[in-house]
Amino acid sequence: MNRFLVPLLILILCAMPFVLGRGMLFLSTEILVVIAMAQAWNLLAGYGGLLSLGHHGFIGIGGYALFIVTRDTGLHPYLAIPFAGVVSAGLALILAPILFRLRDVYFAVGLWVSAEILRIVVMRVDFTGNVNGMPLTAARDLNREWMGTNAYWLALALAVGVTLVVWLMMRSSFGLRLRALRDDEVAARSIGVAPRQVRLIVFMISAGFAGMAGAVHFLSSLFITPVAAFDITWMVTLVFVTIIGGIGRLHGPILGAILYFALREFLGFSSSWYLFALGAAGILIILFFPRGLAGLLDTLIAKFAKKGTAS
Amino acid sequence: MIWVETLLNGLMLGGLYALFGLGLSLIFGVMKIANIAHGELAIGGAFLAFTVVGAVPVPLVILLPVIAVLMFGLGYALQSAMINRVLGVDPIPPLLLTFGLSILLQNLLVELYGANSRSLDPGSFGIEGIDLGGLSVGLLPLMTLVITIALFAALQWMLSRTSFGRTIRATSDDPEIVAMMGVDRRHIFALVMGLSALLAAVAGMLLAMRTSITPFSGAERLLIAFEVIVIGGLGSIWASLLGGLVLGVVHAIGFRLDPASGLLYGHILLLVVLLVRPQGLAGKRRTR
Amino acid sequence: MLEVGALDALYGDYHALFELSFTLNPGETLAVVGANGAGKSSLLGAICGLTTSRGEVRLNGKSLTHLATPARAKAGIALSPEGRRMFTSLSVRENLLMGARVGRKGPWDISSVGALFPILDEFADRPAGLLSGGQQQMVAIGRALMANPVVLLLDEVSLGLAPVIAEEVHAALAKLRGTSEMMTLIVEQDVRRALGGSDHYLCLLEGRDVMHGPSGTVDFDALGRAYFGETAA
């Protein structure tokens, strides 16, 4: 069933720009970007057991990488997106020897501190436009009429691509090794899993995807500032989207992102009440439904299937 | 002379940093978890103090202990109602839970008090200073350092000399076997979280006397507390004091050379320490 | 009197003990023997509440079944655990004081434990983590005695100890026998030594009682077969 349903769904999503208005298209782009980011974060935290509180650093650096490379080399912005991913993955490669000395909460906060360093440095360096940020000088290469639609398609391609890569990884022996490492490092080592190598690979992939998603986001807004690029709100969003949807599940970030934005749009809360409510919801989910929406859905489907076979 | 003064200021600032780290180090030592909402508990204590002095103008000598006790109660309640339920072999649920708590508290403060910055009026000695052989030392920073050292000494005494402290250390060593000594570890954990919240709130109030704070100040306090314990090293509370003092001096020197640096040099120091001495300056074993 | 009735021990889905029943009278010692994984430690765990269980545990007529471990400890169950489980950052004296924390009155205190194990007196201020295995075993037994227990559970008392040291520990345990109303359950690898120091024995195989009786009149051949699960032909 999924074999036909998923491609059909993607096809429908591809056609959405011809149906949606400007505002909805912009919102959909944002949702897709967040899905891509949350998948990247979930890959590291949910499957890898390495919780990051510093993914906003990779998102910001990805955004800046795109703006700088298109400004200085004249590379087409769309082609610069993979470059942004490489830069973010490279940053992960540099940070790994330091941060892999830390475990659990220390790793998480260590990454946060690294993101802070990046923010402060970018704010103070003229090369990156310091505190004022910079416009996308290559915007003149883009077709104004199609800009929004293209951004949507890029975001869609990225969200689908990241989800596909995570899915394939988890079906491979690499995914098996990764989860073995998360569940029991001693046992995993004993069957020949190399912890550093496996963790480094997953860390770089996660960072690279976060960077690409950051690049797509700031490409669609045509302007970047340190405050927006290295905003901790990115991190808050990713954590809540994934917890609500279901951490360590492929469809968790997707369900979570849809619910997150639906509630944000329809509740009409002030942003601080909304974040307050998210905090409360996150706490309740961790306490009572640790598998999130995805887990809840699985339970319902299992119940339904049972009833179906019984009747 | 200016460098001696910088050093002195750094040490006094570092005392306050150490106090932020102390509560975090305590819960990590006993429960092997960290509390992402530590900064919000500190800032929340200061905001609670704003409300109390706004309603009844009490002197600081009364205000500080009263708020500290209230925050102890909050810490106890949070641990026994929530965090105890998710403690287990997987370190991620407590981490995510306290992250959720931190966002919840931060935004509750925004709604209740607005995003404007505020400070606690320390009264006349906020501006007074004493002359130490040609050096002018502010009375307030000096008092902060004295309170910090007194709290460190009190905690050290409690841990090493009292029956309660012995139980805390035993629980940290083997939380399962202490049950055979009639100890309910969840109760001990809740008391320790209460103590941690108390220490955080005192630090938060002292901070609000020397500078102004907003509901968003919690995050940077968490990072400072975290840097204090990683730089100092885990394992002993004196390591936290050392970590705090070193971090304070680095910030003071950084500020002198480069006034716009903010917390940058402290952050860099963290990475340098991790690179060259991952167990921390005074740590005995690996930080994990 | 300790009464155990239809006791099952469970680790999640794994069933470690099946419907075990026995009674023990005041002052008596029960030796629990069996191969590795027979359920000996699970039995002790189920009695003190560290292992999830079903069934009855009654101490002097009072049911402990629904009590959590701390409450069972306060009712008079004390454990010297397998692997000794020292509080490594506490001194020897502090470890012993932790044992007294349940607040039960009786003959055992720092000085009487020190009289039983003189080395503990001598090393009172050393960190328990730095002691040798035998000394740690003495701390573990002393710590359990400090609770002035009604039932003393001793798990693997001579595991990993040099024979001379094991001898010393057992000599001290022998001094305890018959001196009080305290009941003792002892899990021990060395079957002859266990039976020599007990009134009754209980042999477990895959979580089931395969043989029990008074230690004095045991048929070692039959016990050997029961131990390894060979049915008498």
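A, B and C label the chains in the order they appear, each numbered from 1.
We adopt the following convention: a contact is a pair of C-beta atoms (placed from the backbone, for glycine too) under 8 Å apart; a residue touches a chain by one contact, two chains touch by 3 or more.
Just so it is clear, the model here is predicted, and its values are computed rather than measured.
Enquirer: Of all chains present, which has the mean Cα position farthest from that of chain B?
Expert: C
Enquirer: Could you tell me which two chains share the largest number of C-beta contact pairs?
Expert: Here the largest contact count links A-B.
Enquirer: For which chain is the distance between its Cα centroid and the global protein Cα centroid smallest?
Expert: B
Enquirer: Rounded to the nearest whole Å, what is the centre-to-centre distance of chain A and chain B, using the mean of the C-alpha atoms as each centre?
Expert: Chain A and chain B have C-alpha centres separated by 32 Å.
Enquirer: Which whole number of Å gives the spacing of the CA centres of chain A and chain C?
Expert: Computed value for the inter-centroid distance: 54 Å.
Enquirer: Where the CA atoms of chain B average out and where those of chain C average out, how many Å apart are those spots?
Expert: About 44 Å separates the centre of chain B from that of chain C.
Enquirer: Where on chain C does chain B make contact in their complex?
Expert: 48-50, 68-71, 73-74, 77-79, 81, 85-90, 94-95, 97-99, 101-103, 144, 147
Enquirer: For chain B, which residues are in contact with chain C within the complex?
Expert: Counting only chain B, the residues touching chain C are 163, 166-167, 169-170, 172-174, 176-184.
Enquirer: Which residues of chain A touch chain B in their complex?
Expert: These residues of chain A touch chain B: 45, 49, 51, 53, 97-99, 101-106, 108-110, 112-114, 116-117, 120-121, 124, 232, 236, 239-240, 243, 247, 270, 272-273, 275-276, 278-280, 282-283, 286-287, 290.
Enquirer: Would you pull the chain B residues touching chain A in the complex into a rising list?
Expert: Spelled out, the residues of chain B in touch with chain A are 28, 33-34, 36, 82, 85-86, 91-93, 95-97, 99-108, 110-111, 219, 222-223, 226-227, 230, 260-264, 267-268, 270-271, 274-275, 278, 286-288.
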